[in-house]
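There are two complexes below, and they share chain A, which is joined by chain B in the first and by chain C in the second.
Moving on to the complex of A and B:
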């Protein structure tokens, strides 16, 4: 029994780390920029296929792809910001939502055209291997994906906390006009922030693709997970998003160990409802975004 | 420290938030270096709107804003610092989740390529306002109103601006703290800076003014040296309000 619990906890933590990076980009874009980026999961999906294609065509290990995805998807995010977001960011939020929904549908359909709806997996040399740590058997691929996710989260947190640009991004989210008055080019920095959010999505997609099968259609599933993490953790805080991701991961593995997998969603969303009723801001202590 | 500040000149500015419905209807104004120029007027006169135009937050529909010989009318807000123009906005403008020292450091955002100079500028602000030093690691949003105002002023001064646009600095402050803020403005004036001040506290603003403009319904009404406004302030204000 204890061994089973240990495995559930270990698995849950590793899964939770991956959920956390799926949610952190979404949380920060929503918290700092007020943009509900429903296309976030489409970029997660593209991240999975990015790793898939690099592995299939060039034999590049997904671990390398995880790092390669960051600048590639950052650039994509900046382009999306300049082409699309700038046109809707000052409009009513519904317009932004519709625009991002359209982008999500576009990307999913482009993905379907490119890769069909067939499910893919990335089978690296270590995919079917596991490691024994005491009584716990851990799949190598989950360990690696979890470690990469943790690395990205820590790097992101450190960037926002300890660099001047990171603090300027946080300042922009706390008081946009004051940021402008001290000389911050908020448009430029907003593009950086959005790019970072999409970069997180791309890298998250690589990590998820290492662990789970994927197709263009699975992006909607990742959207649900990402929003669950964001709502649970509160907006715009990397630490809270990490905790929320871990909670989701642990609950998923715990519930799946004792009940049919379909019950996972039921338990998670009931829990979310209870938490939102009890604490309107999710797990976050602040009633408003705490960046 | 003496700063060689430029003259600020506003000429025939028409501006508003809705096209075709201007708040400012041809305002003219000059703010000289080493002087505090005060803008007064009833609510809705366009005082804060004028500061928004000068600081780039609201582009004018017509008219110009010149800093010495440079036309800054259409510069976006983030480029005003490069021209030495800094705005202290109305209301609280600290970044509440950032610490005091992080707030002050962000005032030097345009100096970020020279980290040594930025560090020295931040240290100079902590030396200028020593009561902020023990608070430097506290979240700015947790401070009192007066302390937050001190952080805002310190942040404002990091890039050593020559022109200060001050919008209602005493709002929400106790009379004692407001008086300290005004004393600081006088000290900044004596350093040679060009200061444009908007405040609802007519008596306090006139008390520090070197020159006063009164706006009414978006237009220039009366103007003059401080002495011209040191008479019956109550009657003056009643006159503005038409009561």
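Moving on to the complex of A and C:
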């Protein structure tokens, strides 16, 4: 019994770390820039296929892809920002929402054209191995993906906390016009910020692809998880997002231990509804919370 | 001096408005005539689908267009209605023609379940949850024993010739489309319509002047979901066999958003323009491309419209009208000066 609980907890934590990086980019973009990036999960999906293609064609290990994905998706994010976001940033939020929705559908279907709707897995040399820590059996991939996720989150947190750019980003999140008036180049910084959000999505996609099977048309699932993490953890706060991710991961493994996996979605929605009713605050107010 | 322009424009506006109404009535008369005398199955069935989408898009328009709260999962409520009707038929043998209102009620309840937590809040929560929930509902319908999962539910055929069936649904959906358009028009001119527009423009200000924003959003959403459910129930009867993947297909949600955005959200004419435009183009494209390429094209259209023509076709017409009016106004002013 105790063993089982230990396994559930360990599994939940590793899963939670992965959920946390799926959510962190969304949380920051939403919290600091106020952009509802519904295309976030589409970039996660592209991240998974990025690792898949590199592994299949060039034999590059997903661990390396994880680091390669970051700059590649950063560039993609900056391009999306320049082309799309700058035009809808000052418009009503619904307009941006429609544009990002269009982007999501576009990416998903480009993915379907390129890779079909078949479910894919990345089978690296260590995929089916596991190690024994005391009584707990842990899959190597989950350990590796979890460690990478933790690394990314800590790096992100440190970046926002200690670097000048990070401080400027936080300032922008707290008060955009005040940040502008003290000489922060808000537009350039917003591009960087959005790029970082997408870069997180890309790397998260690689980590997800190591652990889970994936296909272009199930990406919306990841939006659900990422969104849940964001709602639970609040916006724009890396530490809280991490905790929220862990909580979601633990809930999922606990629920999955007692029920068929499909019912996890029901639990997920009830949880979402409860949090939304309990918190009773809109995005704009939450965005002003401490970063 | 300004009052002169106001007088002039209002007179002319009245005259033009009658032309608009006459245009739509002429279109309606033409459609009724075709429905009564046309014999080509393909055209009747395509137009029937167009009317079905007009109804759905009008429903979406209530909260999405006027209120600015986007529902990215219209199919959830459509599918709920379809399954409600189909299950009532399956277990109790009642025809969907009778139970369509019940299907609407089921969908409205689903709408409240989703709306009550999310519409309390500002911003994009509603949009995100409606987008995600489709997938969850689909999984649920696939796995709950009562819905027969992936097996689906068969309906009893209507005892008519194929042409008769198509004609029946043609007029059914046409009638619903007219009815719902009238309802939306009435909402536009009513307090709820103004309240929704106020919410879209500035929710804080709306609340300050006394709009019960949360309740208005709930009601608007429930009405929209009810309409979607009714259509869903009739749709189940029309295609006579429903199963989870097709009934909860994301394509339907996408189409509805697309039609509203292209036609012009927040106007009663928008869906009347958007639905036929998108469906007929899609039908033409389907001959040459796969559905993925189709969606790629349409998603690009959505992005372009969101970036450059936020008002869709109606927005463009409005823009031209204003520009012409301004040009007229300046020419009148110049005459006066000279």
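We take it that the second predicted complex is superposed on the first by the 278 of 291 C-alpha atoms of A that agree within 3 Å, B and C clash if a C-alpha of one lies under 4 Å from a C-alpha of the other, contacts with A are read in each partner's own complex, and residues count from 1 in each chain.
Simple rule for what comes next: a residue touches a chain if its C-beta (ideal position, glycine included) is under 8 Å from a C-beta of that chain, and two chains touch if they have at least 3 such contacts.
Values in this document were obtained by computation on a predicted structure and should not be read as measured data.
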Quick one: is A:89 in contact with chain B, with chain C, with both, or with neither? Answer first, second, both or neither. neither
Mind working out whether A:170 is in touch with chain B, chain C, both or neither, as first, second, both or neither? first
Answer with first, second, both or neither: which of chain B and chain C does A:11 touch in the superposed model? neither
A:221 in the overlay: touching chain B, chain C, both, or neither? Say first, second, both or neither. second
More chain A residues in contact [chain B versus chain C]: C
Please indicate which partner A:186 is in contact with in the superposed arrangement: first for chain B, second for chain C, both, or neither. first
Could you look at A:38 and tell me whether it touches chain B, chain C, both or neither (first, second, both, neither)? second
Residue overlap on chain A between the chain B interface and the chain C interface none
Over in the complex, which chain A residues touch chain B? Could you list them? 164, 167-168, 170-171, 174-175, 177-186, 290-291
Per the touch rule, the chain C residues reaching chain A in their complex are 68, 70, 72, 113, 116-118, 120-125, 127-129, 131-136, 139-140, 142-143, 200, 250, 254, 257, 261, 290, 292-293, 295-296, 298-303, 305-308, 310
Which residues, counting only chain A, touch chain C once they are in their complex? 36, 38, 84, 87-88, 91-99, 101-106, 109-110, 112-113, 220-221, 223-224, 227, 231, 260, 262-263, 265-266, 268-269, 272-274, 276-277, 280-284
Which residues of chain B touch chain A once you look at their complex with the stated criterion? 55, 57, 76-82, 86-87, 89, 93-98, 102, 105-107, 109-110, 112, 155, 159
